[in-house]
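Next, two complexes with subunit A in common: one pairs it with subunit B, the other with subunit C.
Let's turn to the complex of A and B:
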């Protein structure tokens, strides 16, 4: 752990954006207590006021304070995306481990199902699920969780398949250990790292898709504020009150970029092996395009390419 | 016969007075009309049916009126003018109205338009219970005394027959096409006598109408075709108009108007209308059968606040009478002295009325409960962008009702699904509350009285989606429907409105002004007092269009 912290602290980008992400979560957790005014309170006489000391992001059409709404929306988004992540991890990882360990027809079936799910773009899958589950917070959580479930199943299964063949697993089997014990004691420790990395990288995807769903009117329903939904409402008044888009877009941008960059840093720190492999792959891609490898700058460009 | 004319003339005089904010000259009269070109008109929502017998949606009327015409029309000056009719006569006992029809008119399928065809349409309407039948209450049957005459036989005389015949859903479609395709076929293809033939229907995208070369008015229409697009988002429609992707649109946001007005390439109009928002309360579901609850809900809504924040203070007016708006015959300001609207906003009064009716917050969770402990918590169905400001009004309703402790969940629905869902009979109607708007295209109170609040107009027949039933309301409506004494009729209308204020079948909300925009090169188009847009005499100034850099 200390080793990890020392290594991680050298990655300045990771530290800075990690701190921002922590700050966002603190805002989310304490939202009720730190909002400057009631985010639900309509004051029709105060509608569409531009930013001022009183209202940093202005007020919306109904005179609600945009800053307060952005802050509460942070909580809503954090809650939804974290729940969706837990849903995907807690369901996906055990399934992946079990089918990976046992193999056979169950493995075949589950893998084909995940293949089918992977065919569809996340947002499309999510829309279908939300339409079935109904537009609500719960619906969005299920939709997002389900849409990324295959990723976690595949990661857990992949690691399980390779670890299963290690000598210490065979030794455990020989010693008469049951499969639940082996999964818990010998396989899980190997899985936790890639799962944590994958989870951090999935977080920004969830944030963006949750907002996209709300933007389409399929997510969180009014009066609960959500960034995507606020952007949609601001869009209708884009010319009359352009300042309405500032708050939600800045918040969305910060959340997504910090989660993304943190995930990237974690991946490099926690898993030098993958880093090397990925870099090598990217290098090959770049050399094919006629770029010369070997320079750090190229490395960064490659990394940027992956993120795109 | 004279009574008819006089009454219509009076009704329309009000309408004309109300339309004074109608700005901008409609015609460039010194210019010669030009032939050719396609007019692209973007509307807000998909229609679940284009068959006039099953849909009275105002936007759908704008689509089918290109192909299907009525016997009469209420024109932009609010006068009743004959279209497919030429003249009419009323028998001495006022029970037979004989209408002489225009000769030499043919339907798009080539079959002749004659007395038989007109009689068929109305007899079929009665037999199959077309949605508008409550407007023809008292109509017995129709027949054709000669090739070019149709006679309406009435069981009881009724004054509003002719203006009601001008209501767009009562247009004359081809009986032959109807018998071949059935109602389902007509839902996507309209065959009438109109200036344009319905060529293409693409669900959720557009309807294409092409010039009818055999149109009975020589030299008309000027346009080669009209394309009616479905664009649900008002901001997108406005942007399309500004960029010249479309030639005309409706339901523009009031906040965009100042900007559009400043653009010399656009013509923007604001018109007074009879379109009033209201919330349907399903009386089949408790507690909406409770009059005190309905009254309390009415007092809980800040109508002036809605006008201010959703319609920029200028795009709507607070309701001054239930259902009727200025311009409708018999309209009377029903506000109490010194109040700004009917059911003037008073949240405290609403709360105490609910408490008196046995609804209060018993468990301290902020939502009020009835005596049996059931929470007052409802789903409010709404569309988004169907009528300008609908979604915003719904959000404010949620906030206002929340203030008095009533929980509201919004359910935003797509246009066609919404229309279908609020057109169900009482046993199938799933909604508790739904936000709709209501207009009176005939400018005559007969329509709301017979079609909106009458027990006989329960969905799926009329537009009584509340399943509201009041013997007094029905009695006053029937009296007004059958009397030919105009003074008496007006008395009944006022009594009817007073009774509505007692019983509050719906939540009354502001009346909107229509906001329409078109490119400045579109000339000769008309906007009827009934909010309809016939493009029969519209034409495009090609030179000006090219100058504005619009190539399509």
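Let's turn to the complex of A and C:
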């Protein structure tokens, strides 16, 4: 663990965006107390004001403070996506471990079901589930969780299949251990790393899909603020009040990119076998030297030319 | 046999189905172990030798019920049902899961590969305590005491408890594996090529340790190996396996001096001698081991046997007793004078 922290701290991109993600979660948890004004309070006389010191992101057509609404939406989104993630992990990992360890017909059935689920685009699957469960926060949580359930089942199953071949598992059986013990003591420690990585990479997908569902009117219902649903409302007034899209877009962008880059960094730090993601390398060069990746390549070529 | 019998294996068989096609129909089966009989007395060491793929490891694993055998019986003398009374012969193959868990205390295994048989994420203390935790014995400090005892017995120190397997050499790792196997003072230990992954110098240390532990704790070993010199050193009796069957079984000295099966003779001739000027007449077997999916008719060894005749191709030889508990399965053993190796 200490080793991991030391290694991870060297990864500047990971640390910076990890901190941003933590900050977003702090905002989400403390939303009720830090909002500058009541996000539900309508003041028609104050409607559609452009950004000012008083209202950083302006006000919407009902005169509600957009900053407050974005902050509260952070809480809503964080709650939905985190619950969906827990749903997928807590259900998917045990299922994957058990079918992977025991194999047989149960494994076949579960795998075919996950194959079928993977055929459908996530958003379509989510729409179907929301239509069944009804448009609500709970519906979105179940829809998102179910859409990524196959991924977690597959990861847990794959690792289990390879680890159960290990001689130390047989040694545990020779000592009299049953399967729950083996799954807990020998297989789970090997699964935690890929699951953590997959979870951080799934989070931005959930954020985007939660917003997409709300944008389509299938997710969180007004007046509860949610980024996608706020964007949907802002879209109607795009000409009259273009500043309304700033708040939710910036929040959405920050959340998604932080979770994504943190996931990439974790993957690289935790798994020595993966070569660095090319995108991230380029991004690092870009951020460190203030140079575009393309420009660097030209420079290097020029230097080689001079030496020759 | 006059000594009390610890393990009695009768007609042990283990076959693996080969499935093909969409419906996963069984098209053939690999007969890895095909009717093995073996009797081991308390306190002795029986060697089990044979070339790669002859089923010796599978036989060991089937005896311990690590892979449930397809047929046959395995009876182990154990006190799990005796309630303090004398130990009785208990059939491992028909044990319930609960009984099997208790039986595991009486029969243990030492693995070939000391690198993959220890979970790299666990410390030595956790590794050696695992059998105790699994069987729900003792509290934390009692278990720690037992771990210290076991470490001392295998020549490691209590300061090794907190370390991870990767910090140890192959020989030390194998000592850890042995300590694990010793946890419950088992009657039977199946050592599955315990030294073949080690350097020659370390092999001797581990073999000596195993012999010391045997005399100290009264252990019984089934020693599976392909290195005949090691087997000759440690075993009182040796069984030779070929294609899933035991083809010869005799006292070590008898087997090495007067082999009664051509396969044993060929194996013996391959033992290297520590003298560069000495050239032993090598018997080179032609061809490969036949596939255990479709073993040849008659004697399974006949396609490679230099002495094979018509009868060998037609009839399957049975294991016959030649006195002095020397058994061999060869049609022509009386006519042949097979060469053994002297006490070199």
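Here, the second predicted complex is superposed on the first by the 273 of 308 C-alpha atoms of A that agree within 3 Å, B and C clash if a C-alpha of one lies under 4 Å from a C-alpha of the other, contacts with A are read in each partner's own complex, and residues count from 1 in each chain.
One rule holds for everything that comes next: a residue touches a chain if its C-beta (ideal position, glycine included) is under 8 Å from a C-beta of that chain, and two chains touch if they have at least 3 such contacts.
Predicted, not measured: the structure shown is a model, and the values here were computed from it.
Annotation for the three-chain superposition on subunit A: subunit B and subunit C fit side by side.
Of the two partner chains, neither subunit B nor subunit C is touched by A:158.
By the touch criterion stated above, A:217 is placed in contact with subunit B alone, subunit C being left untouched. Shared-chain residue A:173: touches subunit C; no touch with subunit B. Legend: residue contacts after superposition of the two complexes on their common chain; A:94 is shown touching neither subunit B nor subunit C. In the superposition on chain A, A:189 contacts subunit C only, with no contact to subunit B.
Contacts of A:235 after superposition on the shared chain: subunit B is touched, whereas subunit C is not. Minimum C-alpha separation, subunit B to subunit C, in the superposed model: 44 Å. With the contact threshold set out at the top, not one residue of subunit A is in contact with subunit B in one structure and with subunit C in the other. Across the complex, subunit C is touched by residues 166-168, 170-178, 181, 185-186, 189-190 of subunit A. Residue ranges on subunit C touching subunit A, taken from their complex, read 64, 66, 97, 100-102, 104-105, 108-109, 111, 113, 116-119, 121, 130-131, 134-135, 177, 180, 183. Only residues 40, 42, 44-45, 47, 61-63, 135, 217, 221-223, 235-241 of subunit A touch subunit B when the two sit together in their complex.
Residues 233-235, 253, 255-256, 259, 302, 305-306, 308-310, 384, 392, 395-396, 398-399, 402, 409-410, 412 of subunit B touch subunit A in their complex.
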